[in-house]
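Presented below are the structures under discussion, each in the form of structure tokens.
There are two complexes below, and they share chain A, which is joined by chain B in the first and by chain C in the second.
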Partner chain A sequence: MAQKQLPKEFYKSMEELQAVDFVILELTLYLDTHPNDEQAIQQFNHMTQVKQHLMYQVEQYYGPLQQFGNSYSGSPWNWKDAPWPWQI
Partner chain B sequence: MWIYEKKLQYPVKVSQCNPMLAKFLIEQYGGADGELAAALRYLNQRYTLPDKVIGLLTDIGTEEFAHLEMIATMIYKLTKDATPEQLKEAGIGDHYASHDKALFYHDASGVPWSASYIQAKGDPIADLYEDIAAEEKARATYQWIIDMSDDPDINDSLAFLREREIVHAQRFKEAVEMLKEDQGKQKYF
Partner chain C sequence: MDSFTVRKHYYPYVSPFDPCRPMQVKQYVTPPNLYINYQPPNLPQFTPREALRAGTLWKAFYDPYVSPYKQRE
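Let's look at the complex of A and B:
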């Protein structure tokens, strides 16, 4: 099965994105039970900005990360391109 | 609605082909305390829970699907290069006979997933206590699988998932406390 070869930089950017998404997830669950923690909300909003930047980086190597209008498509349509996460 | 993100929550690397480990891991795919049960339990209970905790169940339920994909990735990678003979030796010849190497929602003994694993009582305390117990049971299962595994890469991902169960249990306990506070104010129940 011929699969798109991903450059080394992809793996580094993807790991950074996974790390930032983890921070966002942890803050989300924390804020669900501590909704008045101003500092955590500031961190959440800051990391959300960082995520946008990292998603853009990863998508340069990998193509769209999300659907439903959250990522731009390349041409031809590259959302459906392998490798999928479990194939990497 | 839900939006799929084309990435794993946490990296999954596999040291070597190991269908025996895949056999154990499928417990967390389609078993009673596995990730499918967790996701479906929380995302179903949330419709009738108090507003205060719906967000938490939505978010944890969604994260469980990310865990399900991690487990699927482990099983896929551990079996993709195995021969039918190796699968048979690992004790999953009966799985192969029905599914080839496709994944299926059953536990480590091959028992198919059942909705009887989960409950929704419409009583917030009863539901949240079940959720806490479910997280603790999943944490224990991850520990037993780590104890049997000699794959350092898989164990790294499994340790991550084990820690997530602890965090989820903690948040569910906080949710119980939030509801109990309201109960004290006689705003609820």
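Let's look at the complex of A and C:
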């Protein structure tokens, strides 16, 4: 039987999530050397909030993105189902 | 002084017995972070989507490498 295919909306919000993740990564590295930059901290917190919302959205389509309590699980236990991150 | 550029060049020594067509000037590109010591706050930024493509969040560090020798072929 054919594997489940991910809908188009998944790819759009996944790309947004990847973009937000990248911004958070850059800000993390920046804030390591600029601990007092209020504006960057504010942007970091805003981006974290956006990421939580986006992760919730992506996980509706994809299933758990992370494990060990960082993502809710579907039922049945589905973190191992296709597609894996490199397959999407 | 002409405009600043990250692209530098030097003139290699060309021997009279050089078998191939000598390269009179050789170019190399230097990364922008050489010229920014301590990153100042509030630099202009890309949008998240652009930043993902550009590979950096701040426009000052955007450094697309274009081979100086491409136009030579």
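Please note the rule applied: the second predicted complex is superposed on the first by the 86 of 88 C-alpha atoms of A that agree within 3 Å, B and C clash if a C-alpha of one lies under 4 Å from a C-alpha of the other, contacts with A are read in each partner's own complex, and residues count from 1 in each chain.
Criterion: a contact is a pair of C-beta atoms (placed from the backbone, for glycine too) under 8 Å apart; a residue touches a chain by one contact, two chains touch by 3 or more.
Predicted, not measured: the structure shown is a model, and the values here were computed from it.
In the superposed model, A:Ala40 lies in contact with chain C only, and not with chain B. Of the two partner chains, chain B is the only one touched by A:Pro85; chain C is not.
By the touch criterion stated above, A:Leu65 is placed in contact with chain B alone, chain C being left untouched.
A simple residue count on chain A separates chain B from chain C, and the partner touching more is B. Touch criterion met: A:Glu15 reaches chain B and chain C at once. By the touch criterion stated above, A:Leu27 is placed in contact with chain C alone, chain B being left untouched.
Overlap of the chain B and chain C contact sets on chain A: residues 15, 18, 22, 26, 30, 33-34.
On chain B, the positions that touch chain A within their shared complex are 1, 3-12, 53, 55-56, 59-60, 63, 69, 72-73, 76-77, 167-168, 171, 174-175, 178. For chain A in complex with chain C, the residues that touch the partner chain are 15-16, 18-20, 22-23, 26-27, 30, 33-34, 37, 39-40, 47. For chain C in complex with chain A, the residues that touch the partner chain are 39, 41-42, 48-49, 51-52, 56-58. For chain A in complex with chain B, the touching residues are 14-15, 17-18, 21-22, 25-26, 28-30, 32-34, 58, 62, 64-68, 70, 79, 84-86, 88.
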